[in-house]
Structure formats: structure tokens, C-alpha cells
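Two complexes are shown next, each including chain A; its partner changes from chain B in the first to chain C in the second.
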Partner chain A sequence: MSLWVDRFRPKTLDDLHYHHDLSTRLKALAASEDFPHMLFYGPSGAGKKTRINCTLRQLFGSGVEKLKIDQRVFVSPSRRKLEINLVQSSYHIEITPSEAGSYDRVVVQDLLKEIAQTQQVDLGAKHRFKVVVINEADLLSRDAQAALRRTMEKYMSNLRLILCANSTSRLIAPIRSRCLLVRVAAPTTQEMQVVMEHVAKKMKFDIPPEASLQIAEDAAGNMRKALLVFEALKMQSPDLSGPLHIAKPDWETYCHKVADLIVQEQSPARVMEVRAKFYELLSHCIPPTVILKTVAEKVVQKVDEALKADIMHWAAFYELRMRLGSKKIYHLEAWVVKVMCLYKHFTYNFDMSEFD
Partner chain B sequence: MSTNKTASSSWAAAKAAKSAGPKAPGSKPVPEPKTHDCLLGLSFVFTGELSSFSRQEAVDLAKRFGGRVTLQPSSKTSYVVLGEDAGPSKLAAIKKHGLQTLSEDSFLELIGTRVGPSGTHAKGAGLDEKFRKKMEREEEAIRSAAREMEKREVKEMKEAHGGQLAVSKISDMSTHLWTTRYAPKTLKEICGNKGQVEKLRQWLQDWPSSLKSNFKKPGKNAMNVYRAVLITGPPGIGKTTSAHLCAKAEGYTPIEMNASDTRSKKLVEDGMNIHNISLDGWIAGQQKTNALGVTITNRTCLIMDEVDGMSAGDRGGVGALNALIRKTRIPIICIANDGGAQKLRPLTSTTCKLPFRKPDASAVRSRMLSIAYKEKMKIPTNVIDQLIEGAQSDIRQVLNMMSTWRLSNDTMTFDEGKDLAKMNEKYTILTPFDVTSKMLGPYLFSRTSRETLNDKMELYFHDHAFVPLFIQENYLKTQPAGTRDLAGSPKMLKHLRLMDKAASSISDSDLVDVFIRGPEQHWSFMPLHAVCSTVRPASFVYGSGMGYGGPNGMSFPQWLGQNSKQNKLGRQLSDIQARMRLKVSGDKVEIRQSYVPALFPHLVKPLVTDGSDAVDDVIERMDEYYLTKEDWDTIVELGVGENKDDVLKKIPATTKTAFTRRYNAGEHPIAFHKAVDLGKVPKKISGGPVPDLEEAFDLDDEPELADVSDEETKKPSEDQDIGGDKLIVSKSKKATRGKGKGKR
Partner chain C sequence: MSRKPSSSQNRSTTRQSSQKKPQTRIRTVKLDESSEPPTKKLRPHDKYEPTTEADLAVHKRKVEDVRRWLVEAFEGGPSRKLRKYRRILVLTGPAGTAKTTTLRVLSRELGFEILEWCNGMNDRNANKYVEDLDGYDYGNDLLSCPRRLPRPGVEAIFDKFQSFLTRAMSCSSIFNAGVPTASQLPLSLRASCSAPTQSSYSDNHAGCPQKRQVVLLEDLPNLLHAPTQARFKAVLESLCVTNSSSTPGPPVVIVISDAGLRAEQPDDESWDGGGSGRRWGRSEILDVRSVLGPELLASPYVTRIGFNPIAPTLMTKALQALLAKHFGSQVSGGKPPKEALDVIVETANGDIRSALMALQFACVSSLSGKSQTKNPRNRNGGKSAVAVLEAVTRREQSLVLFHLMGKILYNKRKRDPPISRISAREAAKERELDEKLADPPPLPRWLSHHERKASRVSVEAVVADSPIDSSLFGLYIHQNYTQFCDDIEQCEGVCDGLSWADWVGGNFNTPYAFPTMALSTLHALPTPVPRLGQKVCKPAWFDVRTKELEAWDAVGDVASWLAHVGINSLSGDSLGEDDIAPIGRWTHADIAMEMGGWLRAMGQSGSSVGGLALPSSHRLFSTLPWVSTLMTVGDAIGEHEDMEMHGAPEEDGDVRALHLSKDEEDDGKWWAEVDDIEDVD
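And then the complex of A and B:
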């Protein structure tokens, strides 16, 4: 059996539990003849992909659910093999250009051209165009984005693009202006509770409201996380009553340990210990931004009020540097040393003016 | 007891003063000496910190005027120059030997007033009797050695030209390089490494008897169990010469092969007479070796020169050489510069290592002086020493420097010598380990250090890819000099502040690095990167406390290993994501952050708690998400903290085998086949990533133009691709289908 989060994923726009306005709008768009390029954006776990899939179904019918994965291989000039996975049905195709690394422009151009140059084969199809879904669009390099803008106009007769991104800040303005922006906001606590109750009903048991409230608050707007936690909790204590202990994912507990280490002692040896822990997290595919955010939030909880603003300021400062730079560990470590320095100076009541 | 205490405290004070450096560098002028060799025959010991010269400068000053400088005072020391906070042991030695002491001022005065031997009419006046005699003896020895050389040259000439030497001699002299002309002709003339040369000779002498005993008897030097020796050492110290001379002395005919000969596997195997069956054929086939004028004996000896230069063209050469050594019936002498080279690994067990060291100046000096005398050059002893030191005891280079100098001049002053040595300075590449210990060590940034910013940046360029990584790895391991005179909490706070500055500078360096190695390739930023990544961080945290071993030992950068691990796991994670994609909407990051922890209790925990009973459930769950056994391994590997991959150890071995067997026995849904497995032909990407420049977007028309031309150029190649594609795909499809059926 798959996990609940996948089993009870809504299939049509009518099944969706929240953002009803958005669902009606999407339905109207799908019915009209001029379906635009779209850009779905919002935090992860808000339901962007679910909405995209529902929209596709609305457009083409249940045929879009027959998916297959096709792998393409490209060889870069430096003889490196790039494997690109295409998830496709007869009506749409889904690509993740970030798999191609710095060659994303060439790969995206090549694939789009190929798709755009062939007409819809299925005569019974509801629409003449095919849809290309581009995942992780905010990770597209600048020149790949620049290459997209022309394509979007040129092949409009055969092709519609649906971009999916966490934030629009890294997309260039010309792309944003060519798309219909669709913001999928994180669900509120109440909305998440509704979804959980729906799942519980399907599974034929009752969920106490305080349990669903606690889960929803812990998930902080991430529906996927809420449902995964919900299922894990149900496995642990089948009646979901009494005080719930929500197990954190492994990496989060690990990050919290790092935060403890920082607050407990401030010394070079400790920095090196923290460095080893950071390496462990990074090498196990936890994104550096997530690490910094989780650790910083935990550190802030533990320090004096006067330090909180500074610590967050420096976290933001080094987070930007991490995005610009290539060796993330340098910036993580610089932040740790900065925090330790601030903390130590604060405990000894030292003047900190030189850090501003 | 109290004396002990004062001694230790004065030692601490002395250390602090040493790091403080001269109080007013360059404040005292050096007086004009009466003669350039005014300190000749005197030996000095410097102790304590002078107020206007750094130690190195003071030592240079003494040497410049002919003085000798030793490190420890003894009865032979003429003067001890005392600075502030002199070392207590040295003071004790002064008392014990009753030595004369000088202050900094009186040392300068001595330079200004003393008259050296060249200033007086009577030769050697002003020197004590013993020293004069010694000097005379030395001079006599030099002269006789020079005469010896002269005689030999004349004799050789005679032999070569059958008596008519008068004219041809001169022309012949100038045709040879000094390095050949003055190469040692007997074992006695070799400078330095006497012990090693003697060992080599002994080994060669014992070789025939060792062969008879089948290399079982170790002999005096425990060398007779080896069929070959490997001489290692820096260039120009007479390795090849020693090998030739030893062979000659023991009556072997040396056959030399060096880097100018091809020494590939085949040639080494075929070209050498490994079994030594027919010596005559061997010699007859190698006419050239006879041209050296070596008397042909029935004993040959193979000298493989520059074995660490066996590369590229000499594929398999070292291996073949090693095979040759194992069964050779003639002695083989291998010569290399770097004995620790990876390439020479195979030779370690089969050869006896004979490391040659750089001879010190005193071992080379007299021979150089003889040559200078014979060439009628006037070079004082201290200048020769300077040259030898500058060339790092490379005798060949000293000779070359002298012969070049001879073309224009026949005298050389101290300063000229220093410049010449500086000009011919060998550029040695330091390892990142050396660079790091130098950068973070206590001296490079101390106040007495004379290194400029440029010199410090130069260290970065010894290995610009590795040095920053090493600095980042090790910058926290020092006891910063900046915190030395503090204690307690102020020290700790200062330490943290310095660390902070260093860390933020390293963070800056990464931003610079992106400009250099990113799409823009601004290699001109490298000096900036040098400062940000290496010089500036080191300038904050330099200090003692970092060496090899010990609690704070220098370590190799973890970044390299961790980075490749990250890439590997990242690749495996995207494989998982691709498979799960049919069921799951999340991207790679979401899979790791939400699904891996969520699947852990379903995929791994049951195996730990329920053992083999859980296997079927686990496999069912895996099939649901199209996960393979490899993906299961990856999910385990991706865990951190309590989910770390050591949970594997908690799964009983029987469960593991049951799991593997059950999985392999069943059939499983497959999300997709890898393109490579299907035999798809990879498509070539024409253009690489272009520079990521803002301006590129302002030009509206250009992308379109590029698009059109792209299409045109691509079309023919695409057609070809498709043609090739069809053929190959149809073939391989059959093949894979066949296989699939076979499995079922």
C-alpha cells in the first residue's frame, strides 16, 4: 500500500479541499479555447503539483494519468553523460531541467523544439496543443530562461508551458510576464484539519480535533508533511489520544543537535565538531539553506532576546552568500563562528558595536 | 629553586621579545669597513634580540665581512654578540669559556675599525698563528688540487693527440662544459655522501659472490640480498657520477640508459640481456657504450638513470624493469630524484634504497675553490658559500653559475654572489602541507618577518587549487599569536574574534572563486582569491600549535571526500525520485526531507524489529513505489543521526539474506528502463553553457538569430542520428527482450 499522502491525492479539480476560488478559475481556463502559459508558485507541500495534475486532467481527460517515464541521454562537449527523465502521457510531458546542470539551456531547447515540431497525433484529443510541465523552474539558469522566452511565443500554436516553482524571485521578468501567475498559498491550519479528517474518514476511523490541530501546527503549512506525520502517528498509537509526540525527521533532530552544540560551548574545537556535522548533513543531500534555517531557528530559541535579531541578520547574510557561492560549508561555518563570537561577547557583556 | 623560577620566567620574556622583533629596524647605519674581509678568521655567535637588525640580517653582515657564524658558543668562538634577553644557556657558556662579548654597537664598531689580512702588507698579519697556518694549509691544498687537475688534463690531451698538444689543448679546453671538465675522476673526489658511495662500491664488489650464494647472505651492510640498488636524491649532487665511478672502480663496464632512451616495456624486455647469456653480443650490439673509453671487461653493470622520468612514452617501463631486476645476472643501479614517487612503488621491495643527501657547503667549498683557482678567478670563501647555499648544494649549478660568470668577470663580491644565486634560484614547488604549515605557522606574519605581501601570495600559487582548501581545513587549529599576551576570558574572546574575521574572509573567497571558476572565468581575480582565501585568514589566526601528529595535527581537506560523497548520493537520490515520480509529486529535495524519513519506518525498521517476517511487507511497499534493492540501500545510506546507515548492523544477517533472496526471486514492477540499458545513442550537445552576463538579455534580436542558425546546422546531423538510432535501437531491443524472456 502506498502512503496516505499518495493514496488520497485528489485527482480532479472538484476533489480539492481548499483554494476553491483557484479551482473554479482553473476550471474556467481549461474550458476556454485560449489556455495560457502558466506559472504555479508557492511553498513546498502547498499542492502545486496536485493542482497542475488536476488541471491537466480537466484539459484532456483521464488519459493524462497514463504516465510513462522515458529517459534521454545527452553527451556534453566534455564527454559527460547527462540522463534526463521525461515523464509523459500522450498529452503532456514533464521535465526537470535541473538534472542537466549547467547544460539546461541546450537540453530544454532541444526537448521543446522536438515536442513543438510534432502535431498532436490523437485526433480525439480535446485540444490541439500539448503541455510541457517544467519542474523546479526557479533552478533554471539565466540563459536557459532567456532561451525559453522566445520559444514560448514561437511555438504557442502547438505548445503550452506550465512552470512550477517555489518562488518567482529567481525567474527573470520576461518569463513572468509571459505567464499567468498562479499562487498556491500554503493551506491554513483549518484547511489542513479538513484534509486530515477526510483522510481519516476514508480510512474509517476518527481523528480527535486536538490531534489534527497539533499535527497541522507542527507541519507549518506543508500538507505533505502533515499527512506523512499523521500516518506515522497513527502507526505508533492507533487511537491518537493523549499527548502526541510528533517525531521529527532524522535530519531535523540532527540540526537541533548542532544548535545545542553551538550554544553549549564556543571554541575552535567546537567549531570543528559542528563542521563535521554540517558535512554529514550536506553529504546526505540536505540542502544548505534548509540546514541554516533549521539550525538558526533553534539557536534563536535558546539565546537571549537581545541576540535574536543579530543571529537572524547574519543567517540571512550568509544564506545569500551561499546562494552566490559554490562551497556552502564555508558560509555555514562563517555563520557559526559569528554566532559563537556574538554569544560569547554577550555573555561577558562586551561591547559588540564592531560587529554591525 | 628560586633560580629555576627566574630562569623560566626570563625564558618566557625572551620568547615574547623575540616575537616583538627589532625595536627600530634599520635605525643604525653599518659603518664603512676598512677592508672587505675585516672579520676574516673570527667566529661569532649571536644571541638575544638586536635592536636594529633582525637575526638574519646580523648573520649576513658577519658573513659578508668574512666572519664565521656558529649557533652555539664554544671555546673557539671569538666573540659573542649579545642582544636583549640573551639565552641563559649561552650566557653560561660565555662564562664557562671566558668568551669576549660585544654589544650591537661594538659589533658595528669592530666592522668599522678592524683591518683584515688584505689590508696589511704582511700576509696574514693580524690573525692568530693557528688560523694563519690553517689558512695556509687550506690554500696549499687548493692549489695542489688545481695543479692535479691541470696535470691530468695535459695527460689526457697527450693521449688523445699523440704528443702534439700545444695548440689543440686550448681549443679542446673551451669545448667542454665545466661540469664535464671538472667532474670527479676518482671516488676520492666526490663531494659528500662518502658513506653511501662506499656502500655502493662494496655492494658492487660483493655482487659476484652474492650471485653465487643466490642473494641469501646479507653481508656487512645488509645490502647483498638485493640484485639492484636505487639511488635517490636531489639533482646535481653526483648520483650518476658516483654510480659510474663505483662501477669503474670495481671493474664493471657501465651501460647507461637515461630519459633520452626509450624505455618502454617491450624495449626493456627485449633490449636488455636479462639472462646475460651472451655478453659479447650484448657489447657488440651497443657500440656506443664503448665510445666512453671504458675498458671492456667481461663484467657489465646496468645504470638506469632517471627512472622516475619513465613516463608517458615508456609505458610499463617500470614494471618491466622490476621484472628484469628479479632475474638479472648483472648488477643494476637505478637512479631517481624522488624516491617516494608513486611510480617507483614496485621497486621498493626489489631494490636497496640508497638515499644521497645534499652535501653541506664545507664539503663542496674546497673543490669549488680549487676550480676557481685553476680558472684564475678570485672568489672569496664566503662568496662560494653563498653560491652553494643559494643553489641548495646543487654542485652542477654552482659550476654552471661560475662558468657563466667567468665569461665577463674574474672576481666576485659578496653582493654579486648573492644576486647571482638569487637570479639562479631554483623554483621548488612546495606541497600544500608545507605551504599551510608555513602560512599558519608563527613566523610568516611575525613582526621580524621580511616577507612582502607578494611573497605570501606566491605561496598560494604553489598549488592554487589545494592551498585554500588546506587553509580552510586547518585554520582553527592554531594558537593565534594575537592572543599570546592575554589570558582567561579576554584571550578567549580575542580568539573568537580572530576566528570570526578569518572565517568571514574565507567566505569572501568563495564568492571570488565563483567568478574565477564559474561561467565567467575571470582568472585575473586569482590574486584577490589568494588574499581572501589564504593570506588574510592566515594573518589573523597564525600562531604556534600546528604540526604533524599531535592533538591538533594538520589534516587533509575533508571537503574533497565529502563533496564527492554528496554528488554520489545526490545522483542516487535523483534515481529514486525518477522511479517514485509515478506515485509521488515531490521533487528531489522533498523526497529526501519528507519521504525518506517517512519510508524509513516502513522499509527498514520492520527488518530490525520483526526480522524475516517483515520481508514480504517491505518488498510490497517497495514495489508500490517502484523501488529496487539498490534504492533500498540508498535510502538506508541517506539517513543521518539515529537513522544513520549503521542500522544495517542491527538487521540480523539471516534477515538480510532472506530479504535479498526473496527480492531476487520475485517479479517487480519497473518504472522505466535506463536509456543505457536500452542501447539508446546519446545525443551530442553542441553549445556549452554561455557566460552568465546581465547584458546578454538586453539584446532582443540575438536569441532568435542564434535559434535559426542552430536549427539549420542541426538538421543534417539529426537525420544522421536518427538513422543510426533506428538501427541500433531495433537490434538492442531484440536483445533486451530476449534477455527478459530468458529470465522469466
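And then the complex of A and C:
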């Protein structure tokens, strides 16, 4: 027994519940002789990885499901040893290069070279090439992406790449142009309801349509989130009747309260308070970019029209600094202080003009 | 349980247990008795090592935890079945928190022998080692695969370790049959890679009738070497498994000192999108996770007890008791003054070993100043001893930081009105300084908001004088600047400066980061800074970062749990359909952000999935309650089960770093306006 998300994940392209056009195209591609490099992109929870796996199965048959986990050691130029987990079958290898941190170039280069230089040994295989699936490709460093681009041309005979990314904007243009771009859009509410009904049928119970609608709307196109919420709700109240209370994730409500703090008062003491909250969020593994984004969106809802653009501008500004810098709290706080300043000046000026 | 009552209760227990007496060994003995020959003064003998629990400065409940574990390991607890699961005890905590001493005290109390592993070499092998130096280069190979290079007579260090453990497990008689206790020459691990080892055992308690034994691993093999680490884990696992069927051998106690975080360490490299990148950055750190590995740590055979820094109250009592013991009923000749004791306790940061060293030093220094105490400047004599002590024992860094923060954050500028408490001499000094400062040229009209008076702080001198690296400096400024601002605009200047310096500096420490941060802070702070009795605190960043790393470990636990559940469902065909192992399907960020609700629901329903219980550590990241009261940043959310145990000492710990002693604080002159040390000279 495992998570419903994992358990009821479709195995073949025919099983997929939505994006049927895409499925037929993928099927046709898999059947043709020259399968291209591919780049799947779309919002998280849309079903990119599910589609990648279905495509692999279509390419090689059920053999791709015989997975094993390998631990490989790579040596970085500075003689540090990196241990990377690889999930592989005899037809494909799946890697998550962000595991290697800033040494992802070494991993990508070494691994691809090695795979590319060995021929497919299984004579019964349907295709002569092996597939390398790179998860979170948009987190690859520039170095690694540049390394990838050479390899993609050089070893085309033995190797196909399938990249999986949230957006193409962080991939360099040469890679984008070498891949067939496949956009996997988020499912609509109706499509998500269909999936939930399917799951409920498999589990031999009925889901009231209101419940599924509410869950689907709350998940906003994230199928994985919807199924997780569904399962959690089912565990809490087995009949799923009555008004459902879908709790937002803790960290989200937390961020909203932080936004309240910022708008309520602007003082050095309040800065300390907000900092404490940020620290709490960070120590619960919420990525700082997500914190910044969620809080900024909430603050924007609460302030005057004239301030909104500025607040977002500074959020973007400090997010860039955060990515390039090393201590994230400095930049989060700098943004908060900036917003407080803007807000304070705005209300101050506003009051004055009204009384004049 | 709400936090309030538990912590107050805690304080009361602390008080109760504070009648306890000294603790840990003192390194050198005979502090000031000149009748002793000098050679004896330095013998590394633990004269004041505590022998009973009452002497330990450790919190009573910690000792109780360890004792209960040991008793269960020997007798199996009330149900007699626990014995099987009490295989490995891991004691963690900062250095000098009496981890090993607690074990030794309990060994005396419960009557068991400690078999201790020691990396080292004896004389014969040492010579051999010097003779064939060529072996040195093969160090690592020899360690990883000893059979590749068969060298007669030389056993790889790890093989020795392994056979030590096997012998300790199976036949205790070998150890009792008089192994020669050769000289113990512990080597640094690196150097001893290929060096032959020697297993020694401590036979302090050979006389006790029961032959109960505990294996103590403190001096671990070179675990930074990946193959050694793998073998080490395998050995430990075999300890758990083989003994579960037959009668188990002696339990194993592993002592690991925490190394702590460093400020220059950047935050995670791949934090923004998840992945699990942080795992590898930590592989260089020897902590309980890298020693044992997550699987072993989560297994029921391993128990972990964390020691906290020793609370100041406990430490004071312990030191006083030790002094009483040492000086006996003598009149207080040579006894260090009470203020000195306070300074020692305060500067030790919960490390009792260093406190004892400092105490010994205090005894010596006050002895040399004895002649002075007879003259009328009696009080001053005592004070000078304190000042010297402070200069010597206070961790150099914290003293420097203390002065540095004062200089920067008080932002004194030319012609600032002198503060009320200042002496005439100091005021004159300030005026003199002001004379020398040239006024900056006037700025054009459009830059007039940047106009400042000339600063009394010379950034060049500050940069040149302070040995503190810029990242630590930045963290301290960041932690404390808000108290010194009275307006949000000033905050903006400081914080933006920090952000800018961090951004430009990136992960590299540029030489410009320090002056940039200092200048931008000075520029943005108000002048003069309002004096409200601000206290400089240690950055909360360290605690938060530790908690964050723990939470990421918990995320890793859940990820591997998911993977195992997936594999179980693959093989366990309870569904009859071929599931795909969901590895790689879950990025760590997804788990942290999306699974919270599901995990909590799972935790409440208490069911297990695929026969595997959910790792309880998930609560570290899945629950995030909003605490509306204004709490101190360093405080933990009441999430850890053992919170009430270290509530009180930790609260002290947060602000401990930079406090001056109480009386100075009452003066309102908590800040070292003038360098006391200079005056002494």
C-alpha cells in the first residue's frame, strides 16, 4: 500500500485521463524511428513525469519498470567525492542533478559520456538508444547546461535525453532549440474530478461531486496536491460528506499572517518580529523564494493600487540578490524593510494630502 | 503541554539539582601548592574527576536517561525483552558537556567495565611504521581493501577495529586475561591511516564482581573516508542483527561531539528548487547522521541522547564545590575571587572542560598577585585578576566581536554630546579625538540627505584590527541592528547594505565585504544612537540553521520512507499490480511543501503503510503553528518532545555569548566604553 498518488499513477499512454491529444502524439513519436530529444515542461503537479514514464514504456515495453537504484560516486575537479543516486532500468537512467549542488556539470558530463559510449546490449530492445531522464532540468547550472549541449549533438546515435522542467525560461536557448518542447498544461477542474472519481472507484467508494469539485478548485491545477488532500480528507472523515474543510498548508497561512504583520505596523521592533517568523518558515524547509512570493502576493492584495507595482518590483529585485547571495535571510528582510518604508511613506503622504 | 509551566518547573529542577558538585577531570593538578615537584604538577591525571552522580554537573534527567538505558541494556527493563533493542547508545552534544564522564560515573555506580577502542600504535609497530615509510602512501588503499596489499604483520586499522568489536562481543574473557596495557599514543586519524593499531581497555574497575561490560567508541575510525564509513556502518548493523537471536554481547556506546556550524558556510546551494543537494555538502561534517547513517539512526536498536551545554547555575556550583575541595578548610589564600568565577562560567559557553582550565589559570594568576592583595589597593588587585582572566579565557573571538559591535553599532560621530556616565578623562579623550577629525567636505544640495558628521570610528583601523571574517560580522550586525535604529528608514539602509554586500560577495569572501558592511551600517544608523541598554545577542541564524538542517534530514527520512513503501508495494504484491517505485518522483521540496497535511493526517490516524511506520521526525517540517506571542527568535517552537528538558539551559545559552557580568550591567555601563585591559597595563 502506498500513497494514492503513486499507486494510481497511470502506467501507459492509454491510461492517461487528460491531454489525450498529447498522448496520441507521444505514441506516434515512440513508434517512429527517429525519436528526438524531448523537453517536458509545465507547472508542478501537471503530470510531466507520469507522461515521461508512459512514453518510456511505450518505447521499450514493460522492461522499463524493472528499476534498480544505484549509488554512483563522482569526483569533482577539487577532488571531492559526490554520491548520486541513480534510478535505472536496462533502457533508461533517471538522474536529479541538483543533488550534486554546484558540481552538477561533472555529473552530467561523466554520466552522459559513459552512457553514450556504451552500446545498447540488449539485442531484443526495440531501439538502439538509451534514454537519460534529467529531472529538474531548470535547476541545472549554466556550466552543466553548456556541457549538455555538446553531448546532445555528439552522442545522438546512442543516447536520447528527456528533460523535465517547470519552465523553459531557465534553460539556455541552445538546449531549448535541440529539444522537442512538450508542454504539459495543468489539468482543468473537470479533468481533475474525473481522476478523483477514477481513484475512488478503484478504492471502491463514492466521492460526492461537491467534494471532488471543492478539492479540485482548491488544488488549482496541481493533480498531486489534489490527490494528497483527497487522501488526507478520506483518512480524517471516511464518508467525505458535509462541508469539507480543506486546510491550506500551514506554511501558506503562516505567510499570510506575516503579510498582515508587515501591513499593520512599520517599526524596527516589527522587523524583528517578522524576522522571527521568517526564521520559523525557513527552519521548516520552505524555500525562501516561495516565502517571498507568497508574502508579496498577500501584501499586494492589502495595499493601495499605487504601491503594488513597486512592491513586486522590489520582490523581484531582492529575489535575484537572494539567488546570487549566500544568506537568504538578509534579502528577505531587506525586502520587508523596503516594503515597510514604501508603505509608511505612502500612508504618510496620503494623509497629508487629504487634510490639505 | 504548554511551554510556560514546563519551563518554570524546569527552572525549579535546575535549582534543586544545583547542589551538585564538580565534574569532569581537571587536566593538571595541584593548582598552586609549590611543595609539589613541577613534574607532578603536569601529570595528566584526573584528580577531580567526579565519582558519583552528585558530583556531575549534568542535568539530573539526562543522567537518568542514560542510566535507564544502561539498566535496560543489562537487564532488559520490566518486560525483560528490551535488552534486544538496547544495542547502541549514541551520546551527542557540544564539547565539554560531560558525555564520557557521565558514562564513567555510571560505570562506577552500576558496576560495569568500559572497553574502549583507541586508534593508536604501540612501540614495536611504530618503529616498523617508520622503517617502511613507503606504506604511507598506500594508506587509503590499505584501509579500503586491506587484502589488496598483503603486508605480513601489519593489520589494517579497520580490521583491528573489527576484530576488537568481535572479541568484545563474543568472548569477554580475552579482555579479562590481561592484555598488555602498552602506552597509548593516539594518533590523528589521518596519520594513522596505515598505522597499526592497538586496542586498549581501561581496567579502572576490574575489581567489581559482575563482569558486565560496555563497549565505548569515542575515537572512531576515519569516517570521512567513504569506504571506511560504509564498513563501519556494516559492522554496527551486524551488531544489531546477530545479537537479536542469541544472547546479546555488551551494549555499545558511541560518543560524538558536535562541531557546530560556521558562519561562512553558505545556505544550501540548491535550496530554491528542492532537490536534495544539501546532503552532500554535509558529508564533510562528522555528526551523528554521517557516523551512523539514516537507516541505522531510525532503527529501534539505536538510541540517541543529546547533551546540552552545561547551564551556568550548575557550572557555578560545580566549580565552587571543586574549589572548596581543593582548598579545603584553608583560609581563602590564593582562592580566586567570586567575580573571577563568574567570568569563567560566563565565558565557558557551557563547556565545563574549558571552564576548569580557566579556573586553574585563575588560581595560578591570583597566586602571583598575592603580594599585591596585601597592599591597600586590595579591591583593585582582585579586579585586575578578573580583567586578566577575561582577556585570557574569554574566547578571543567573542571579546573582539563585543568591542567591534560596540564601535559599529553605537556609531559615534564628531561632536556627539558625551554620554552622562562618562568620566572627565574619557570625555577629554573624546574631545581630543574630535580635534583630529577633519570635517568632510560639504555635499552638493541634491545629495544633502547623505550628509553625516565625521565618524569617530575609523573603518580602516577596524578592518585591519579585527580577525573576524565578514560573514560572521554580517550575521552579528543583522541580528542586532534593529535595536539601534529608531526608524524604519534607518533599518532600510542597514539591511539593504547587508543584502548588497552579500549579493556582491556571493559565496566567496571578498576583502571588500567587511568594510562595505561596516560603512553602510555606520552610514544608515542614527547619530547619536539612542542608549536604551541594548544587548548584543548571538545571531539566531545558527540555531535556525541547525533546525533547518534537521528538518531537511527529516524530509530525507520521509523521502526514503516513501521509496521503501514503494518498493514494498512492488514486491509485497498486496495489490496484485506492478507498481513503480516512486523514487525520484518526489523531490524534497515537494515533500516539504505539499505533504504536510497528508503526513499530519497519517500521523493522527497512526496507521502504517506497507508495514513501515511513518518516521516521526516528519513533525519537524510538517507542522507549523502560528505563535502569536512575541517570542525570542532563538527559541524553539514547542515541537520537540524533549523541549522541557533543555528549555532552561538553552534560554540562557542564547544570550550568554556577549553579556558582561551583572554588576557592570547594573551600572548601566554594560558596554565596555573603555578598554579595561588597557588600564590594567
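List of remarks:
In the analysis below, the second predicted complex is superposed on the first by the 310 of 356 C-alpha atoms of A that agree within 3 Å, B and C clash if a C-alpha of one lies under 4 Å from a C-alpha of the other, contacts with A are read in each partner's own complex, and residues count from 1 in each chain.
The definition used in the following text is that a residue touches a chain if its C-beta (ideal position, glycine included) is under 8 Å from a C-beta of that chain, and two chains touch if they have at least 3 such contacts.
All values reported here derive from a predicted model rather than from experimental measurement.
If you put the two complexes together on chain A, you find that chain B and chain C bump into each other. Of the two partner chains, chain B and chain C are each touched by A:329. In the superposition on chain A, A:287 contacts both chain B and chain C.
In the superposed pair of complexes, A:106 makes contact with chain B only, with no contact to chain C.
Look at A:3: by the touch rule set out above, it reaches both chain B and chain C. When the two complexes are overlaid on their common chain A, residue A:273 makes contact with chain C while staying clear of chain B.
Once the two complexes are laid over each other on the shared chain, residue contacts for A:172 go to chain B alone; chain C is not touched. Judged by the touch definition given at the top, the superposed model places A:348 against chain B, while chain C stays out of reach. Contacts of A:146 after superposition on the shared chain: chain B is touched, whereas chain C is not. In the superposition on chain A, A:74 makes contact with chain B only, while chain C stays out of contact range.
With chain A used to align the two structures, chain C clashes with chain B at 349-357, while the other stretches in 349-357, 367-375, 385-393 or 403-411 stay clear.
Shared interface residues of chain A, touching chain B in one complex and chain C in the other, are 1-3, 6, 9, 44-45, 49, 53, 67, 69, 73, 81-83, 85, 87, 96, 99, 102, 135-136, 222, 224-225, 228, 231-232, 235, 249-251, 253-254, 257, 266-269, 271-272, 276, 279-287, 290, 318, 321, 324-327, 329-331, 333-334, 337-338, 340-341, 344.
Residues 1-3, 6-7, 9, 11, 44-45, 49, 53, 62, 65, 67, 69, 73, 81-83, 85, 87, 94, 96, 98-102, 135-136, 138-139, 166, 222, 224-225, 228-229, 231-233, 235-236, 247, 249-251, 253-254, 257, 266-269, 271-273, 275-276, 279-290, 318, 321, 323-331, 333-334, 337-338, 340-341, 344 of chain A touch chain C in their complex.
Interface residues of chain B, counted against chain A in their complex, comprise 472, 476-477, 489, 492-493, 495-497, 499-500, 503-504, 506-507, 509-511, 513-514, 517-519, 558-559, 562-563, 565-566, 569-570, 573-574, 578, 581-590, 592-602, 620-621, 624-625, 638-643, 671-676, 680-690, 692, 696-697, 703-704, 707, 710-711. Taken in their complex, chain C has these residues touching chain A: 226, 266-267, 269-281, 283, 471, 474-475, 478, 482-483, 485-492, 495-496, 498-500, 502-503, 505-507, 540-541, 544, 547-548, 551-552, 555, 562-563, 565-566, 568-569, 574-575, 578-585, 587-590, 592-598, 600-602, 604-605, 609-610, 620-626, 630-633, 637.
Note for the complex: chain A touches chain B at residues 1-3, 6, 9, 44-45, 49-50, 53, 67-78, 81-83, 85, 87, 96, 99, 102-103, 105-107, 109-110, 113, 135-136, 141-143, 146-147, 149-150, 172, 174, 222, 224-225, 228, 231-232, 235, 249-251, 253-254, 257, 266-269, 271-272, 276, 279-287, 290, 318, 321, 324-327, 329-331, 333-334, 337-338, 340-341, 344-345, 348, 350.
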